[in-house]
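In the part that follows, the structures are each spelled out as structure tokens.
You will see chain A twice below: alongside chain B first, and alongside chain C after that.
Here is the complex of A and B:
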């Protein structure tokens, strides 16, 4: 089947004082109709920047897509001008954000904000839009939708606001929904409800979803494929079943160990040491080297490419031919160098 | 407050009317009779009592009722300040939007320089400059007054005549407020443009214009309402000098004449009026807040 969305070699950087900081670097993935792709990674790994890049919502003027292609229905979105991309937004591709509390405009009613997309893209009359908007509110599980329709965002709870965002995003029945951590800011029971809602709506409308999250539980619940991101790179990319059965990248393994699940409930949770460095501190070699327990001299010399191994795409030297011939002595040395770099945060380019 | 400041100024109305033929002794007697020698607080309470009964007093020199005098001057001042007020917001807000949306580009820098000049230039200097250029040099506009005396215009011609007279003083009066409104609108809009809901509006596919003018501006104008409320007493205050420069027959020139003549009752009444304007401005701002920001309910 043809891909609905194909991101090829995306590079998005932020520029300040003439210095380039690549937040997303060489990211490629694809999404078929009706499919859900989960993008996971810790805070700062570049998930939001990736998702914002698709609709060119990166903060101007210092944020810029430097390289790559974003093919939507085989059309490169990056070649569209401002007017053309605005016709795609909200109609063919829509987006919900991480922050439900601040993502709605405080001075307009909920109804006004939902109707706005409908009248804009479908050219329906105000009366028609009102009927549809109330239907939409009902569909996303908002009780007494007629009353909510006339209320302002501050009169709604976080969970309700995220439902409104979903109603707004699905108002024009888009082909693709980008959901950037739709549940992160909500408490656990509400998270489960929102996730359930998204799954149902997806079945109903056959919408493809790009689901951004740092919660592997969410991924196992809702996604078909997974891409793991680390410091602007995809380090592992595979289908959900393979991923949970047999995670290969040391980072993925670390992430899995750090969440409570049925399989490792008895073991102690072992979060990965340290945190994602800032992209301005990228050094040569594997970007995960500073936190990897397997680090070897070769990891520091050169960054591993994204390699295809059976069901996986993986960016780690452990899965290359040369790993078996490696000099075991160098492992200790590699660890030292990586640790040294981590603490001094020297910037090489 | 006003009362005590006035008393600190040397001189009293009697001295400005001194007729050299009147002896110091007679003068003393007259002052006694009119109550000038009473202790200050007694004078003040006397005044308060009258005001509470709706009597603003009478001018010292001619004995005209002060209330009537002010009412005669009110329309002219309302015309001038009203025009200036409309100018301040109808020019200041769009310039602020333009400046914010062209940030760090030439138009923004030009407008920034303009606003600093607008805020800091003294109004008499700007006013006299305008008169020199537009009235004396080019002869396009009249130098002073509110209508052409003796022209007997009616209808549309009268309106045009008013307009010609009001445009210069209103510009002089409005200039600092235009500059302030512009800067406020600019910074407020820039702040709003960084907010999450603007990204949402963009993500919906709205045009750039709709994002700016519907989603951003409505939010950005909330802080500008403060300037709106403050500008009312500010403009009436500014009218003193402006009316004086352009010989505009309003309350401002009345005020200046009264200060020179030490007409306490008039000055007191004008100041009372100004304080009421401050309160009115605040009230109006509060109403406008509630109207534009649904999060505020009284």
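Here is the complex of A and C:
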């Protein structure tokens, strides 16, 4: 099947005081029609910046897409002018945000705001838009939609508002839905409901979803493929079953180990050591080296490329041929160096 | 909801929603609780009403000197049953001049504030929303205008433009847009980071629509409050300019140029009816406006809960 979205070598940087800080660095992935790709990572890994880059919503004076291509239906979005990209936004690619509490305008009724998208892109009459908007509200599982249509955002609960956001996002039947942590701000029961809703709507509308999250539970629930991001790089990219059965990158392994499990009782969870360094503190070598338990001299010398191994694409020297030739003593040395770097990074904060 | 039951249910819900939703309803309730603000609003409405129908309520023509039974001009006559507030140094009825003067002073203030508010909103929104060098340029110009001493600037401009009713409005508008600009810019900056603005962009909305639909309605409350308070300031500035003789010119009455009579020590000491009513009218109006402004601020502040 043809790719709906192809991101190639995307690099988005933020500039302050003439200094460049890359938030997303050389990210490539693809998304087929009707597929869901989960982008996972800690705060600061660049996952949100990636999604904002696709719609070119990066704050202009500081943030800039430096390099790369974003092919949507074989058309490079980065070559479009403002007017053309506005036609794509909301109509072909729409977005759901993290905070349902603040992503609706408090002074208009929710119905009015859903109608706004419809009249904007489809040029339907107000009367028709109203009928469609009420249908959308019903579709996203809002009870008595005629009543809710006339209510203001503050009269709705968080879950309801997120449903309204989904209704707005799907109002124009987009090909791609970018969901930036859609369930993070909701409580767990509502999370499950919203995920279920998104899965059903995805089937119904045949929409592709780019699911940005830090919650691996959400990924296992909803995604077909997973891309793990760390410090602006994709470190592991695979399908969801392989990812959970056999994570390869030490970072992915660490993420999975730090989730409490119902079946295996353990006294303590194993967290990943240290914290994500600031992007400005990136040096040559593997970006995860400072926190990696398998760190080796070569990890610090040079950054591994994204390598394809069976189902995985992975950025780690452990899966290269040269890993077997490594010197044992070097490992200890490497860890020392890495630890030194880590502490200096903390000072940077 | 379906069938015949649905219709009746729907009408019930509609009315109950309208009752509880209208945000201003809550604001109005809060405003009502503030007795001073309510009093101010009442006085202000009364003054506006009198100003609007002044030809009907004024007992005399404010431009004509009155002649007494001896055939001379009735100059500086103390209050009597004939002239309730006496007459001025040219024998014109004070009450009529106060009423007509209110008309002039209030309209000068309102037009000036309108000019200042519109200018302030336009510049503030542009500076706050577009940022970068546009922001820097607008804010530096604002800083420069703030640095001018208002009265001296107004006097200078008035001398160049020749004092007239229309020019007074423009002058006051030109020196008072800065506060509004700063206020609007700050509010826009705060709002620009809100997720619903980002959502509107992600929806493919144009900047102009985002400004008019998503930003302006959300900063209306501080704008209204600021404009109200600025009206009081504009009345004061008008009075000051007219008092100094560069504002509204005789024979057109304004509260400010009526105070001008008090420059004569004789009038100031022995004929208080010539200047006191005008001063009192200014005092009352400004006090009322400030009460209303404070009341509005408290009532429309979304952070205040009932």
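Note that in this section the second predicted complex is superposed on the first by the 337 of 349 C-alpha atoms of A that agree within 3 Å, B and C clash if a C-alpha of one lies under 4 Å from a C-alpha of the other, contacts with A are read in each partner's own complex, and residues count from 1 in each chain.
Criterion: contacts are C-beta pairs under 8 Å (C-beta built on N, C-alpha and C of every residue); 3 or more make two chains touch, one makes a residue touch a chain.
Model, not experiment: these values are computed from the prediction.
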Three-chain arrangement built on chain A, chain B and chain C clash or fit: clash
Touched partner set for A:37, first chain B, second chain C, both or neither: neither
Touching partner for A:144 - first (chain B), second (chain C), both, neither: second
Which of chain B and chain C A:222 touches, first, second, both or neither: neither
Segment of chain B intruding into chain C (one of 26-34, 98-106 or 152-160): 98-106
Where chain A meets both chain C and chain B, residue numbers: 55, 57, 86-91, 94-95, 97, 99, 102-109, 116-117, 120-121, 152, 165, 168
Chain A partner contacts - residues on chain B that touch it in the complex: 195-197, 199-208, 215, 218-219, 222, 292-295
Complex contacts: residues of chain A adjacent to chain B: 55, 57, 82-83, 86-91, 94-95, 97, 99, 102-109, 116-117, 120-121, 152, 154, 165, 168
Chain C-facing residues of chain A, complex: 55, 57, 61, 86-91, 94-95, 97-99, 102-109, 116-117, 120-121, 144, 146-147, 150-152, 155, 165, 168
Parts of chain C lying in touch with chain A, wherever the complex brings them together: 1, 10, 13-14, 17, 20-21, 23, 131-132, 194-196, 198-206, 213-214, 217-218
